[in-house]
Amino acid sequence: MDIRVYLAGEIHSNWRSEIVDACSSPHLPISFMSPVSDHALADGIGTDILGDETDAFWKDHKSAKINAIRIRTMIEKADVVVAKFGEDYRQWNTALDVGYAVAKGKPIVVLHPSSLGHPLKEVDAAAMAVAETPEQVVKILQHVAIKQDGIDS
Amino acid sequence: MDIRVYLAGEIHSNWRSEIVDACSSPHLPISFMSPVSDHALADGIGTDILGDETDAFWKDHKSAKINAIRIRTMIEKADVVVAKFGEDYRQWNTALDVGYAVAKGKPIVVLHPSSLGHPLKEVDAAAMAVAETPEQVVKILQHVAIKQDGIDS
Amino acid sequence: MDIRVYLAGEIHSNWRSEIVDACSSPHLPISFMSPVSDHALADGIGTDILGDETDAFWKDHKSAKINAIRIRTMIEKADVVVAKFGEDYRQWNTALDVGYAVAKGKPIVVLHPSSLGHPLKEVDAAAMAVAETPEQVVKILQHVAIKQDGIDS
Amino acid sequence: MDIRVYLAGEIHSNWRSEIVDACSSPHLPISFMSPVSDHALADGIGTDILGDETDAFWKDHKSAKINAIRIRTMIEKADVVVAKFGEDYRQWNTALDVGYAVAKGKPIVVLHPSSLGHPLKEVDAAAMAVAETPEQVVKILQHVAIKQDGIDS
Amino acid sequence: MDIRVYLAGEIHSNWRSEIVDACSSPHLPISFMSPVSDHALADGIGTDILGDETDAFWKDHKSAKINAIRIRTMIEKADVVVAKFGEDYRQWNTALDVGYAVAKGKPIVVLHPSSLGHPLKEVDAAAMAVAETPEQVVKILQHVAIKQDGIDS
Amino acid sequence: MDIRVYLAGEIHSNWRSEIVDACSSPHLPISFMSPVSDHALADGIGTDILGDETDAFWKDHKSAKINAIRIRTMIEKADVVVAKFGEDYRQWNTALDVGYAVAKGKPIVVLHPSSLGHPLKEVDAAAMAVAETPEQVVKILQHVAIKQDGIDS
Amino acid sequence: MDIRVYLAGEIHSNWRSEIVDACSSPHLPISFMSPVSDHALADGIGTDILGDETDAFWKDHKSAKINAIRIRTMIEKADVVVAKFGEDYRQWNTALDVGYAVAKGKPIVVLHPSSLGHPLKEVDAAAMAVAETPEQVVKILQHVAIKQDGIDS
Amino acid sequence: MDIRVYLAGEIHSNWRSEIVDACSSPHLPISFMSPVSDHALADGIGTDILGDETDAFWKDHKSAKINAIRIRTMIEKADVVVAKFGEDYRQWNTALDVGYAVAKGKPIVVLHPSSLGHPLKEVDAAAMAVAETPEQVVKILQHVAIKQDGIDS
């Protein structure tokens, strides 16, 4: 069984590559998908491609929708969604992704410092696991994806 | 056609009753649902009913899950979801509700001050309308629900 | 069994009230839903409620999305969708509604003059019946909804 | 992640091959599907295979249904649907395809000259992006499908 | 809990009214739906309403599709589908209805003489109960719908 | 909002009527559904109605399927499923009902003595709340269903 | 696009291999699935594997259910279902398969002699094409699956 | 057609490898998935990865949820679910898996000694086959997956 994982949320640290690298063992049939992590590129993609807007709302709107094509397609294809929340920024988009994924029946692993436990209680309650480090996420994905000799094929 | 509306989000102002009162005309077949808006009650409901916890995480967890029974049931029954975001608090639960509702195919009306446009761009991009005042939400709901003489029955 | 019918399409003739009036017999448990048929109201609803736009594209966009809240909610609630096409205007919105309704598993009755048969062949092929007059639509709805003595209850 | 794109609409220009050629880079895991673009073949396929009809309606009907087997199967398999509208012809079938794809949860990119903005406002409101040139569509698909080093696998 | 039952199949005997009459007790919240049981009316409805056809295939086609609007709508609304097969006629439409209902997750009660057990084995295998008399069907529906004092409300 | 609750599981104690009675306040719009709780009746219903079997397996099979018509229909109609496990009997049918309800997206409240926590850990992990007494279940249902003055309508 | 086709119905002629052979061109990405076509094997599979039954009903039941595992799994995986009806036998299982496939949104091609048009009118009305020969079915599948140079990839 | 089989239930005997080995013929396109069968590992995985708990309930909870990520993902990917029940332990998790799989439309093969027929009657009634030995399960899977010369491709 190949497991496809979508890595939602924070794009200001290298948590994604930590997880991807740790799962790159050939015995772990896991592949990863993620939003475009170049913040400036993602934020400006709408007007970069489709032409400028005078109103900031529509500039944001065009970019958010093009990014949403990628994000929703990836969530639909994912078997598991990992969502990272940090201390900075509002990150409403990450909570939006979690809500979307939950309604689509995708199991969620949330990754955040324990200090965010109270404001994230509804997100955590919708998740199958709440981790504090990328290493914990890696171990969870290994448990989900590992093939057992003579049993899985 | 009866329209059922779920009012998600902020419980620190009276925006819900403003909308409910304005839509109470007998010609408008709209009914409203909402989360339990008594903040202390909702936050403590888990341990109040099911017994105390030493760990704050599990206390929050039990409350969030009981509240989620109400919230998800109401979103499932809703025809339209209105979601209010304000300047204060993280409100990740509201973005979670929007994501859930979008994936269930529910049309969303978002209500927030224009100053929050950039951090809410993904939420707004998932919505059918973005309002700044409860009065605007009322007018949208009226347009959706109004019966026209000789045409609707 | 109550049958709910959504009347999609042309808002420049009185075809809807012809059908609604003819089905108003107490023995026919049929109710009707329709888009807002006041063309100027529907076209301007976005900026009327949510504020003006300098770009015509966004003006249209805001109105089309508010109208879509009504239209999609009604199609979801409908048991049968009747879609009227005429000689004038492009009416891409009506074909959009038919495609949406077909994918949701709703049976479609199309109403158009026979002269439009060739350009509407894909729409007709997606329908359960193709009528040329409102009277024919009425008879079809009667056949679908009629209660038979001693058999239906 | 492999992205499958269905190219709906106009068959009288070479817009499809422009997009397909521009996305043929080995780094872009995009594949394309399309309706049968030989107009005479598609229009006559019903009677060519299944025998002639005296009534033009049934001739059209048989062809439209065989073409629909292909079109609906491809939309079901697609991750993204691109729909092209031009100045000529009624193109109700393209709007039908868009409505069908929207209800199936497929993200839509619409491609049309800006002059068609008003009559296509409901179609555009159902889309994730509205482009005016095939080049813009190509850039959107690149943004959706691109693999990022060390992050996507 | 109100139980809605669709009575599919044979229209040449009075099995439907036997079941409906026996379930008319006020303590049994069961309502019944059925196809149009006037054979000539149902067979000719297409051309009666929409105009004659020279080819018998299209005459049958138009009638079958109008009847299907009624039948599919009723199966969608039904909680339970009862399907009657007899010795006469091919009754492929009844097996079609059963297949449709099974795929929609509706529980099926099949009613047929035991002599038809072998040719109906796939239909019976898709059912929750196989009855030989209308009285047995009545007892099954009573067991499904009965309210128990102090337990059901 | 009316809340429909299905009460699954143990039929050897009066836990159902305790919950139903406590929720009979006119301010609580809750209705209850349950399996047939007369054990002998439910166990023998298959052969009682449809004729005897020599093989105990088929006797059980016929009864279990008729009971399943009732149970699955009720779970489909339920907003919330309450499942009671006790010390006695294997109660695989109750765990089966929970699994079915979870996959249908129904929120689950499990009711069992704390001594059963370890063997029921997978069932509890699939639930939104784990109660030890009917009184706790009542309070949870009240929190889910209560109407708030001026907010819910 | 790979097209998977399920070949339902009659197992007493070689119509399946005629279609499979004609579609074996490397340019046609079509694969075929079918029920077990050895009639004696399929009819006896239940008791052959699971032990004998004294009652013919249960013997048939066990076989029909094991065959149904194969048939339903294949219909779920199919893009197109071809269903063959002939003059002999009741073939209720084939109509059952068609009903199941229609409800799952699969396009149907029916294959039968024109003499069966009237009794199969409801089946034909649920289909996208009605063929009389395997050659016609082959041509339809070719039209659905063919890749066009420079357009499909 | 590749058939994916999820092997649910008992982890205290080698029934899984018996089935996997017997199906390893290259002519049988069957692959197998299973829960983590190392009992101590699966039971402790939650606290091993995410940190200890003082309350046994939460320790079990964290493990059960991580295991559920694997189990539900595998059931979603499975074409057929085989569920083994034995004389020992409560095995509520296995019945939970069966209920979940049934609601997802997966065909079930149950494997248990005949002595468990009565308490498992509801589980058996939800299944497509009830086997007593792994050899019988192997034969069923062979019947489902076998490719027939000249017919399947």
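A, B, C, D, E, F, G and H are the chain letters, set down in written order, and residue numbers restart from 1 in every chain.
In this section, contacts are C-beta pairs under 8 Å (C-beta built on N, C-alpha and C of every residue); 3 or more make two chains touch, one makes a residue touch a chain.
From a predicted model like this one, the values you see are computed outputs, not experimental measurements.
Novice: Which neighbours do chain A and chain G have in common?
Specialist: D, H
Novice: Can you list every chain that touches chain C and also touches chain F?
Specialist: Expected: B, E.
Novice: Using mean CA coordinates as chain centres, what's the gap between chain D and chain E in Å?
Specialist: The mean C-alpha positions of chain D and chain E differ by 40 Å.
Novice: How many angstrom lie between the centres of chain A and chain B, each centre taken as the mean Cα position?
Specialist: That gives a centre separation of 25 Å.
Novice: So how far apart, in whole Å, are chain A and chain F when each is placed at the average of its C-alpha atoms?
Specialist: So the centre of chain A lies 36 Å away from the centre of chain F.
Novice: Where in chain D do residues touch at least two different other chains?
Specialist: 65, 67-68, 130
Novice: Spell out the part of chain D that touches chain A in their complex, as residue ranges.
Specialist: 1, 3, 79-80, 105, 107, 109, 128-131, 136, 139-140, 143-146, 148, 150-153
Novice: Which residues, counting only chain D, touch chain G once they are in their complex?
Specialist: For chain D paired with chain G, touching residues are 4, 7, 16-17, 20-21, 24, 30-34, 36-37, 45-46, 48-50, 62, 65-70, 72-74, 76-77.
Novice: Write out the stretch or stretches of chain B touching chain A in their complex.
Specialist: 56-57, 60-61, 63-65, 67-68, 85, 89-104, 114, 117-126, 130
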